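Down below is the structure, laid out as structure tokens.
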Amino acid sequence: MNVNDYLIVATIIFCIGAVGVLIRKNLVTIFLSLELMFNAANLGFVAVSEYLNLISGDIFVIFIMVVAAAEAAILLGIAIAFYREKGTINIDDANELKF
Amino acid sequence: MNSKDLIVWLIPFFPLLGAILWGVFGKYFKNYSGYLGSIFIIISFILSVIIFFIVAYGHGFSSTLYPWVYASYFKVNVSTTIDRLSVIMLVMVTGISSLVHIYSIGYMKDDKGFARYFSYLNLFVFSMIMLVMANNFLLLYVFWEAVGFCSYILIGFWYEKKSASDAGKKAFIVNRIGDFGFALGVMLIFITMGTLNYSTVFSGIHLLPPYLITTIALLLLAGAVGKSAQFPLHVWLPDAMEGPTPVSALIHAATMVTAGVYLIARCHVIFSYSPDASYVVLIIGSITAFMASFIALTQFDIKRVIAYSTISQIGYMFMAVGVGSYAAGMFHLLSHAIFKGLLFLTAGSVMHGMSGELDMRKMGGLYSKMKITAITFIVGGLALSGIPPFSGFFSKDAILGDVFNKGDYFFWVLGELAAFMTAFYIFRVIFNVFFGESHVDKNLHVHESPKIMTIPLIIMASLAAVFGFVGFPPFNHSIFYEFINKDFTNAFNFAPAVNNVPWYPLSAISVIAGLSGIYIAYVFYIKKSFNLEKLKNRFKPIYDLSYNKLYVDEIYDIVIVNPMKNFAIFLWRIVDTLVIDGAVNGIAQYISVTSSKVRKLQNGMLMSYIFTLTVGVIALLAYYFVR
Amino acid sequence: MSIFLKYILSIIIFFPLLSVVLLFFVNKKAEGLLRNLATVLSLVEFVISLFLFIYFKSNTYEFQFVEKFGWIREFGATYFLGIDGVSLFLILLTTLMTFIALLSSYKYIKDHVKEFVILMLVLETFMLGAFASLDILLFYLFWEFMLIPMYYIIGIWGSGRKVYSAVKFILYTLAGSLIMLFGLITIFILHYDQTGNFTFNLLKLYNTNIPLTLQIVLFIAVFIGFAVKIPLFPLHTWLPDAHTEAPTAGSVILASVLLKFGIYGFFRFAIPLMPEASIILTPVILVLAVISIIYGALVSIFQKDLKRLVAFSSVSHMGFIMLGLFAMTAVSVDGSVIQMINHGISTGALFLFVGMLYERSHTRLIADFGGLAKKAPILAALFMIAVLSSVGLPGLNGFVGEFLILVGSFKQYTVFTIFATSGIIFAAVYLLWMFQRVMFQDITNQKNENFKDLTLREIMTVLPLIFLMFLIGVYPDIFLSRINPTVVHFVNIIEHNKYAYNLIKAKMGLFNA
Amino acid sequence: MLDLTQMYNGYFLEKSILSIMPETVLIVFAFIILLLGLFKNVKNVENSYYLALIGTAFSFLYLFMLSNRTIHGFYGSIIFDKFDIFFFTAILLSGFFTLLMSKNYFDTRNVLIPEYYSLVLFSVSAMMLLVSSVNLIMIFLSIEFMSIAAYILTGYLKGESRSTEGAMKYFILGTFASAFLLFGSVFIYAATGHLNLYKIHNFIFRQNYDKIHYIYNLHTFLAIGLILFLIGLAFKMSLFPFHTWTPDSYDGAPTPVTNLMATGIKIAAFGVFIRVFTSIYGLNVLNFYNILWILAILTMTFGNFAALLQTDLKRLIAYSSIAQAGYILMGIIAGGYYGISGTLFYLLAYIFMTAGAFAIVVMFENLKLASVNIKSYHGFGFKYPFTAAAFSFFLLSLAGIPVTAGFMGKFFVFTAAIKSGYYWLVFIALLNSAFAAYYYFKIIVKMYMIDNQSNNSTIADVIDSSNGTSANGQTELTKENLAASALVVAIIICLIFTLLLGVYPQPFINFAAKSVTSLWNI
Amino acid sequence: MEALFYIFSIIAIFSALMVISVKNPLTSALYIILCFFAIAGFYILLNMQFLAAMQILVYAGAIAVIIVLVIMLLNLAKTKGAIKDFHQIVIGIIAVGLLFLEVILYLNATGEKKPTGIYTNAIINKIGNTQIIGEFLFTKYVFPFEVASVLLLVAVIGAYIFAKK
């Protein structure tokens, strides 16, 4: 089991997440795709630190998890506020600021 | 600064003082400006006579006032050279201008620009004096332009008349065209000789290669042609008659227009070393003499007739200096100054009597009304047409004789023809104005001019009658020639006389020419034995040619002026506005259009933002991928 | 006194700023007080600057009244002032013209007087600083900030399409000077590479030797910066607009001082820093100069707007100056330096007169005038003198400069000189025709029936200029004697480099086509 | 295996605590303010404002107490050196200006709750942490910390959909970018096996020496890692094409917050980028210089082009700040002692001029302004001479006209760039700043040169309607209340420093240079 | 091992694809939980059992719950119209496909030079990964830990500020 394989899987998940961010219009779904990307990073870190016999990568993963949680909280807030104003969480409705 | 220098510098000082006084405080002086101005000029006339005798019985000298322009190796002083040539000119200028001043007091009596007039006139006299006294080319050039400017403001003296201000502008610009060449000549002299002082230049000019000398001479000639209204730059002088008549007498007959001849005489060394240039001078002179007198045949405006005759007389002078007989040229210059000034002044007095009428067809039989004017006019006419013993006879025949003896027969013939026509047109004027039946409309009361105008006429008339004898007998051994030739020592060394015909047969021929001219005029206008109208119709093309001044102005308009005009407008409208400024604004336009496109990138759509970001990522990765 | 003379340049430069500080505390309602105060202060400034003239040693080309303090150690920039014969007279011109401009705008400037006088004085400070500074960075500071007050003056008190003109002016010149900055910094860096220490000291930078090809590039960069200011032929289109729309004071300062910076820059920076390149490019520049002479003259013949006409005429005159400078003979450079002063005086006077006409009849179109000489003889006479000095009539200042320029450049560049000389004729044509249409003939426009003659203040405004016209025309030696040593030194440098350049040419067979 | 004894070593603890003292102070004050928020009474808004100011002051104090010391705290996960001192000063300044503006801004709209100030303090401390962190974990954490605070502040205006929208866009894009940052650090980690910048530096350095750096997978790992990491940072520096969040969130956010983002966040991002650059990218592993200067050119050009026709003042300054980022990047690319110190100087100048401009914007908004649309500024220049003159001065400084800080900054940066041979880059930058001047001058035109008889109502008119007695100039001093004077204080400070940096930059250059020296003694 | 790796990866990729493709956000939330589980499986393969546990707890527990909470709160469960314009999708997929290709093309080659640390699986197993992580977390990375705590606090404040009326 080469580290490359893990990295490839991570990359695939990362890219799927990126696609999701690109094509979805729903705020929540976009956030889910972002979480996918974060998880890809996590996977990469764990794989690499195992491959290099290091531990710091795993620590990093923990912090990433914390940040992800924090951002989930922020998303909660923003989604609610946005919904309150627009009645939807479709990001296409956010087009007041332009040019 | 010893007494001689003091006198020399006082001569220009008084007219300058006058100019400043009347110019600035004119309205406090009113009429005194006229008298005081005349007194100033008379003082400087006396001073110049003194100088004349100092030089005549001593020798020439030069005096420096102050260093003018000292730019590294370009050094020019304000200084004068006083030799026989300049003192003669001084005396002539101051003398005639004092007479004209006195005359003007009467002529301009009730003109509201009285003081202004005298300040201009004094300014002109100052400039003219400095012009003849200058001892280097730059100073000469300066006052050369200064007199041009004075004639500009004097021609346009009555600036309300569009024709007057136009004429002034035309005079200035045509002169500028001549001065363009003159300035180039001065520069060429400086860069070849390294100095502009007459003495140094003349003593060293023979060291230059001939083509350079010729170039310099021709460039100087351009200036002379412009100033002396020679062909092809003669067009400004007839229009200049818009100015007050005394101005025409002083500037456009006696002094300024002859400055060209003075210049060539002054630079006789240069011209002597360049036969080609002298030949060009001769050609120009003879063409002008012939052409101008031809035009003068059919003009009806008295002053225009006299103006054209001035042009042609100066043509004679050019012929003289062209063949290298500078003495004869100067001689004719002086005598011409006298009798042509006289003619103008009398014409002015006729105008004054006729309250401004100039068309000879509306005159006639004035002899009884204004005797003094008539007689003086006739004296002037005789002098002009070269009838002995009047001054014109001696000077003109001296010239023609020299031309003949130098072997330039063709030009001699031209000269004789011109002399014939001269006699004709001037007596045409005389007969039409003073004799025959009167065409003056009745309610116009014709009167003789006041004393203050007639006295100068009489003085000048008597001068015109007797002056010629200082040059008798012609060629080389008369008072005048002995006096002046001391300055033209190396003048004859390039044109040896091919044949030595004595003066009386030649002058007999020209006298015959003159007399026949007078006779034909008499036949035409007194006896009326021909029907002039029929004659006119038979020679219609020639008549029109003469009447329309050979169409020179029109040709200039078509060939030079209009193309220039269109080119200028093209430059302004097309090149400047469209091309250059268009390019600048076009760039600005382009930038703003681009920016309005660029702003569209920021279209407010989160989707597209993410897309942009992703594209950026891909591009960066691709950079390394393809690397 | 000795202290005063030691720091006189700084005093002269910063006195206007101090006056500005004083003016801040004047209530903006008290317009008369503001005007008088500003005018008096600028007069005091002029008087102070006369001390320079008095104590100037006219027998040396060395820089005088030198002051030097540390400024930015990192880049070796210093507060380094000093003047020579050229900048001396430009400084005098600046102080005089500012005074006159302030005096002339009593009637023209009706609103926002406080802002106006403050801006004028600020402008003066920066112009003086630019003329006096011998440190490139310092010079650039003064040089570029100078645009801002001018921009305000044009834009606020201008007329017609003032905004367009102001923006065009500032963008044009800004672009030019930024490109110039590029060249200057590059030279600075080259000097660092050669000597290993940073310095903006001009006298040290003179010794930088720049490889020829790079030198040409840099020269073009710097050339653009200065040529826009002059303005030289293809880069001139900002000038007519700016002149036309600017208020009288603005046009006067613009014409008589700001345009000089281009020439001054060439004289002080471009040519000595990059001599070989300037020698190589001389023919090109001369062609441009001659084109500007004739082009400006021809274009201005048919202008309908008086100010536009004068603006184009100054394009033509600056062409003369450029010709004289780049002919690089002592005489011609002398001529162009004195012609700088002349152009400042004559064109400034012309703009003043146009402004007076405008104040009276609120139009600048030539067609609306005519026959004014009858109503306003004094105006006519003085205007005539100004016109003639601009035409270059001998006896007035214009002639001396032009003739020296032409004589100096005749030997080496005969053809150019002949063409340039023809510009004199055109000058007579357009100026005299303009004068005739404005002053002579009969009054066509009924509005001018009750046309007022000059007031005493206006006569006072123009009289110094008229006096100077005669003074320079009749006795230019007091100017030339101070200018000449500097110029001779300058020309010697160029000659030396010409020699060096010929060596290079011989070595690499460059440009022998 | 690490020794746990260190944990209980007092000296170690003291050292580590000292290394984070300035941030700690801020965080402590932020907590105090939060606690204050529990007691609902009217005064506590005032109090929290003053508390925040005091906190900033204390932080400054500690900064000066700790100056010219170099401390590696907490096993080298954080560092405190002269470089930090410079950037802490800058960031605290921007925080200080933000506070000054905020009071005034939120008093006019009464939506404020005390948490605001604590959030400002949090984000400021996060920026400081970001600058002083030398560890990928710390970098990631503090970037996220900073960003989260920024998201909240951006969306702070309740009931204003623009604000929420700005926050939303900022949030999504920011998270997206930090995902790239993370993924990049994965690959860096994979290539080098380190998370500490200096260790990474040493590793790459050694690799370069051993000539084995072209062993393929290390090489490619490094390539991907560095690129993706760069993207994460470039997003915070708002370089083209990662700038897209900038205009919208600047526009949507309350103006003081915009100021915080435009000055603080950008400076912090540049600070950390300079650290990373000098330690990693500066080694020019995969000749990053090309890509960087392409980015610089694109950024400045885009910023200027987009700002050219902009009429909304906040957006205009946002775009111009993008362009400024391009210029700043030039200095970093030029690199070396002069490049970096020039960059630092430019950043300092940038703070003063941008903060000043934003203070003016706040003033405009407070003057009962319909919009910050510059079309409505006719006649403003003469009604409010002080404000208008100050604004013009800031604009000139942004345009880079001499005797202003902006010129000196540009000058140093360009000189450094030419010194390292980037002629074309400098040339393009000069052309850019030439036509960039247009839109700065456009505002001046609007304020001074458009005559007042245009039909649409101008600011001046609005103000006149709002309170009759504002004819004479110095009204904005007596405008609302004392709070307005805080704004005036901010403007005056910015004005003085903008002028000072432009006229006598020597001391500030010394400051920058001294702080730069500590970058290379790794 | 091999088999497990492939199973996990197939599950992960499949569920990830489902996350971004299904209409209903609630469904995708459930799918992402599945994905998280698969990744936790990877952690176990890489013998980081502690992290696997964390993954389940934090992600599948906390975060997913928050998401579902959001969905329920704003009852988005029946919001349709997730995927409309296809060119958007095509562009997105192409773009990211390129990204993917590049990364993969970098990754395909492998060399054998790795900087290696001391924490081999043996050591980790000997000490126990939980303890190691704990030690590191509270010694070497104590400061990030503190920062993270503050960060969480700020996030909470943020959520409160946004959500409150």
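Here the chain labels run A, B, C, D and E in written order, and each chain numbers its own residues starting at 1.
The definition used in the following text is that a contact is a pair of C-beta atoms (placed from the backbone, for glycine too) under 8 Å apart; a residue touches a chain by one contact, two chains touch by 3 or more.
From a predicted model like this one, the values you see are computed outputs, not experimental measurements.
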| item | value |
| --- | --- |
| Contact-richer chain pair (by C-beta pairs counted) among A-B and A-D | A-D |
| Most central chain, judged by mean C-alpha position against the global CA mean | C |
| Length of the line joining the C-alpha centres of subunit C and subunit E, rounded to whole Å | 71 |
| Distance from subunit D to subunit C - Cα centre to Cα centre, in angstrom | 43 |
| Subunit D and subunit E: spacing of chain centres that average the CA atoms, whole Å | 31 |
| Intercentroid distance (Cα basis), subunit C paired with subunit B, Å | 38 |
| Sequence positions of subunit C contacting 2 or more other chains | 171 |
| Per-residue multi-chain contacts in subunit D, two or more chains | 137, 141, 144, 148, 151-152, 155, 158, 167-169, 172, 176, 193, 217, 223-224, 247-248, 310, 435 |
| Residues within subunit A bordering two or more other chains | 4, 7, 17-18, 21-22, 25, 31, 51-52, 54, 56, 59, 63, 67, 70-71, 74-75, 77-78, 81, 91, 94, 96-99 |
| Contact pairs between chains, per stated definition | A-B, A-D, A-E, B-C, B-D, B-E, C-D, D-E |
| Complex contacts: residues of subunit C adjacent to subunit B | 168, 171-172, 234, 236-237, 295, 298-299, 301-303, 330-331, 334-335, 371, 373-374, 381, 388, 393-395, 399-400, 403-404, 406-408, 410-411, 417-418, 421-422, 424-425, 428-429, 432-433, 436, 439-442, 474-477, 480-481, 484, 487-488 |
| Subunit B to subunit A touching residues, read off their complex | 599-600, 602-607, 610-611, 614 |
| Subunit C partner contacts - residues on subunit D that touch it in the complex | 338, 341, 382, 385, 396, 401-403, 407, 411-412, 414-415, 418-419, 423, 426-427, 430-431, 433-435, 437-438, 441-442, 444-445, 448-450, 473, 504-506, 509, 513 |
| Residue ranges of subunit B in contact with subunit D within the complex | 591-592, 594-596, 598-599, 601-602, 604, 606, 609-610, 612-613, 615-617, 619-621, 623-624, 627 |
| Residues on subunit A engaged by subunit D in the complex (per definition of touch) | 3-4, 7, 10, 14, 17, 21, 27, 30-31, 34, 37-38, 40-41, 44-45, 48-49, 51-52, 54, 56-57, 59-60, 63-64, 67, 70-71, 74-75, 77-78, 81-82, 85-86, 91, 94, 96-99 |
